[in-house]
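Following are the structures in question.
Next come two complexes, and both contain chain A; in the first it sits with chain B, in the second with chain C.
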Partner chain A sequence: MPEDCIYIARSSAIAARALAGEMMVMNSADSTFFTLNEVATTIFQAADGRTPLREIVRDRVCLQFDVDPEQAQADAEQFVTELSSHGILLVSNQPLASETTR
Partner chain B sequence: MAAARKVACVEIGGIPIALSTADDRFLDLLRQRYEGFLSSSRPEFELEFDLTPTGPASDDDVRVRRDGDEWLLQRGDFHARWDPRTGHGRVRQNSNPYSLDSVLRILHSLILAQRGGFLLHAASAICDGRAYLFSGVSGAGKTTITRLAPPDITLLTDEISYLRPGGADGYAAYGTPFAGELAKAGENCTAPVSALFFLEQGPENRIDELSSADAVRRLMRNILFFAEDHGLVGMLLATACDFVSRVPIRRLTFYPDARVWDLVRNFDRNFQGVPQHA
Partner chain C sequence: MSLMSEVGQKAFNLGVPIAVHLDVTYRCNERCVHCYLDHDDHGEMTTVEIKDVLDQLAEAGVFFLTFSGGEVFLRRDFFEIVEYARRLMFNVKIKTNAVMIDEEDARRIRELGVDTIQISVYSHRPEVHDAITKLPHSFERTIKAIRFLREQELRVTIANVLMTANSSDHAGVQQLAAELGVQYTLDPTITPMMDGDTSVLSLRIPGEELPEIFHNPALVGSQEEFCAPPKPPSEEDLEGYSCSAGHSFCYISPYGDVFPCVQFPLPTGNIRQQKFLDIWNLSPEMKEVRSIQAKDLTVCSSCSHVSSCTRCPGLAYMEGSMRGPSTADCEKSFYRTGVPTANMLQQGLSKPRTITGKSAPLIQIRPIQVLPITVPA
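The block that comes next holds the complex of A and B.
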C-alpha cells in the first residue's frame, strides 16, 4: 500500500483517556491496555479517517516534536501497524469514517 | 396463591437494596450473612429471589450483558435480570450463599459504574480515621496484611473494596460483607481514602512511586467489572484515571511482620508534599 494513501481511524471498540500527558487506551473487546507517549497520542488524536498518515506526520508530529521527518514517518507506520493489529486503529488506503468522537 | 414475600434490606456502600424472597430459610440466610449490613433505609433498588433446587456455586465464567434496557446476569448457578430504569430485578438461583454474593457484587459493580465508583480486588482498613487499600494479584498478601493489622485497625474487607467519590475532592472506602480467606465480614463503616498500595512481598518494607500509566494499568487489572459493554469500559477507564489523579498510589513491598503497619500509619506524614505520581 503506498504510504501516501494510508488513512487511519480510531476503532469504536476502544475507550481512551488522557492523563498526565499520556493517553490510556483500552480495548473493550479484550481488555488489552495501552499507554501512548506524546508522539503516539498526537497521531492517535489526529486519526480522523480523512487525513492521510503522511499529512499527520508532516503537519502535526514534525511541527510539534523535534524529529527527523523520514524517521518520524517510519516510526508512525510501525506504530499504526501495531495498534491496528490490536484493533485500536483501523487502516485503509481509502478515507474512513472515524468510529469514535474523541 | 403465591406465598407472601419477605424482605431484608441490605445496605452496602450506602446503597440500600431490598432483597425479597418467599422462602423463610433463604430469608434467614440473607439476614445472617449480611447481619452487619441490614438497614431500615428506604431501598433504592429491589431484587426478587426465586429459588431453584440447591446446588454448589458454579465455576463457570459469569456473563453480564445488556438485553434491551435490562442487564442480564448469568452463570451456571444463577440467572438474573435487572432494569436500571426501574431499579428492579429478578434472580433465579439456588440458595447457595456464594451465588448470592456474586449476584450482589455484580449488581453493585453496575450501580457504582454509573456513580463514578467501583469494586476493587483489594483489602482495605481504617487507620487513624483514614482508609488504606491493599491490592494485588492472588498471593500478593492482601489477607496477610490484614492478619498483621494492629488491634486499633478497623477492617473494611480482606477481599473486595468498595469505593465511591466522597470526602473532600477524593474517594471514600466502605466496608463490605464480601470476605476472602479471613472468612470474616468487614465492618460496616466508611472513611476517606488516604492511599492505595499495590502489594508485593519482599525482604524489607518499602514504598515506591508508580507512574500514572502504571497506576491506571494496575487499577484496571484489579477493578471488578463483568459486563461485555463498551460504554461501561469507557466509564470505568474515566473513573480509574480520576482516581489515580486524586489518590496516592504506590507499590508497597513488605516483609510479612507487623512492622509494615508502621510504614502505612506514617504514610500521610512521610509522603506529604511528594508528587502523587511520577
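The block that comes next holds the complex of A and C.
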C-alpha cells in the first residue's frame, strides 16, 4: 500500500484512555491490553480516519518530538501495522468514518 | 507484575480514578433474599444527567466502567447510556440478572463492544435459584440469556454468591459455568442493608463452613499459597493501604451520591451539586479514606495478618470505624490460616465467636485476573 494513501481510524471495538500522557488501549474482543508511549499516543489520538498517516507524522509527531522524519514515518507504519493486526486501528487507502469521539 | 497491574498501580499512585462502579437504578425485577438495596426509585438520575456524569468521568481519566443496579435493563434508556459510554471509549462491564436479555439484546451488546457481562447465578438447581431471587422461572430465563450472549461470543462471568440456602451448590454452578463456556467467580456480597439493617447477615455461611471453601483448590487455586500462615509485616506493609477504594476507584449511586466503594457507604458528595473531580479531589471524606495506612489501623496494625488480610475498610466502617477491624475479614483470615487475629486475641478468643449482630459478611475471594494480557514488543 503506498504510504501517502494510508488512512487510520480507531476501531469502535476498543476502549482507550490516557493515563499520565500514555494511552491505555483494550480490545474487548480478545482482551488484549496495551499501553502506548507518548509518540504512539499522538498517532492514536490523531487517527480520525480523514488525516493521512504521512500528514499525522509530519504535522504532529515531527512537530512535537525531536525525531528524524523518515525514521518517524517508518516507525509509524510499523506501529499502525501492529495495532491493526490486533483490531485496534482500521487501515485503508480511502478515508474512513471515525467511530469514536476521542 | 502484569501490565494491567502496573497500570492499576500507576493510577493508584497518581490518585486517578481509573475504575468506577455506577449503579443506574436500584429498581429490580428480582427480590433476592440477601439484597442490601431499597428497590424504590427515590429520584434516579435522568439520561441527560448520566451522560453528563459519563463526560465528567472520561475527563477524570476513568477507564473501567461498571454499570450495575438494581437491574440495569429496567431502564428504558440503558442501551442509550451504554452506547454513549462506548463512544467515550470506556471499557464497559455490565452486571445484570439477565432475565430481560433476548437474542436481539445480546446482538446489540456485542455491537456496542461491551467487555464483560457478569450475571448472578445462585445455584445449578432451578428451585434453589428461584427461591433466592423470588422470581419464578428466573433460572430458566437467566440461563437462556447466557446462551444468547455466548452465541454472540461475548465474555460472560457467572457470579455465585454463597449463603446458607446454596452453600453446597458451588461445585454445581462451576460445572454449569464450564458447560456454558463462561467464567465463574464467587462474588463478595451479603452486606448489611443500605439503611444499616443487618438482618440479612443471618443468611451468611457460618464461619465453621469456611475452611471447606478455603481449602478447595477449585475455588482458591493453590491451597498452599492461599492458606499459608501470615508472614511478619515489613515496614513497607505498614506503609501500605487497604485497597483501591478512594484511591483509584469509587462508586456512584443512581441518585448521584459518590462513595469510596459499593461496600463503603461514606457519602463524599453528590454529583448533582458538585463536579465529580471536585468531589474526588477535594472531599474531606475522600481525603480521609485515602490517608489511612496500615500503621494507622487501631487494632490491625499489630496483627500478624496485616500484610495478607483482605480487610475491607468499608465493612470496618459499617462496624463503627474505618480504621478498625472488619470482623468478617478477621474470621476469614483465621479460617484460612488457623492463626488467630489481633482482634480476636484482644477479645480473648481463640476462634471467632458466632456472629449475629453488627459484623459484616462473608466470603470475598477476589476473582483472579485470568484474561490474557499482551504487551507489544
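Quick note on the criterion: the second predicted complex is superposed on the first by the 102 of 102 C-alpha atoms of A that agree within 3 Å, B and C clash if a C-alpha of one lies under 4 Å from a C-alpha of the other, contacts with A are read in each partner's own complex, and residues count from 1 in each chain.
We adopt the following convention: a residue touches a chain if its C-beta (ideal position, glycine included) is under 8 Å from a C-beta of that chain, and two chains touch if they have at least 3 such contacts.
Just so you know, these numbers come straight off a predicted model, no measurement behind them.
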Superposed partners chain B and chain C on chain A - clash or fit: clash
Which superposed partner A:Ser28 touches (first chain B, second chain C, both, neither): both
First (chain B), second (chain C), both or neither touched by A:Glu82: second
First (chain B), second (chain C), both or neither touched by A:Ser12: both
Which partner, chain B or chain C, touches more chain A residues: C
Touched partner set for A:Ala20, first chain B, second chain C, both or neither: both
Shared chain A contacts, counted only where both chain B and chain C touch the same residue: 12-13, 15-20, 24, 26, 28, 31, 33, 35
Complex contacts: residues of chain A adjacent to chain C: 10, 12-20, 24, 26, 28-35, 82, 86, 100-102
Chain A partner contacts - residues on chain C that touch it in the complex: 3-4, 7, 10-11, 14, 16, 18, 58, 61-63, 86-92, 113-115, 155, 371-376
Residues of chain A touching chain B in the complex: 12-13, 15-20, 22, 24, 26, 28, 31, 33, 35
Of all residues in chain B, those that touch chain A in their complex: 211-213, 216-217, 220-221, 229-230, 233-234, 236-238, 240-241, 244-245, 277
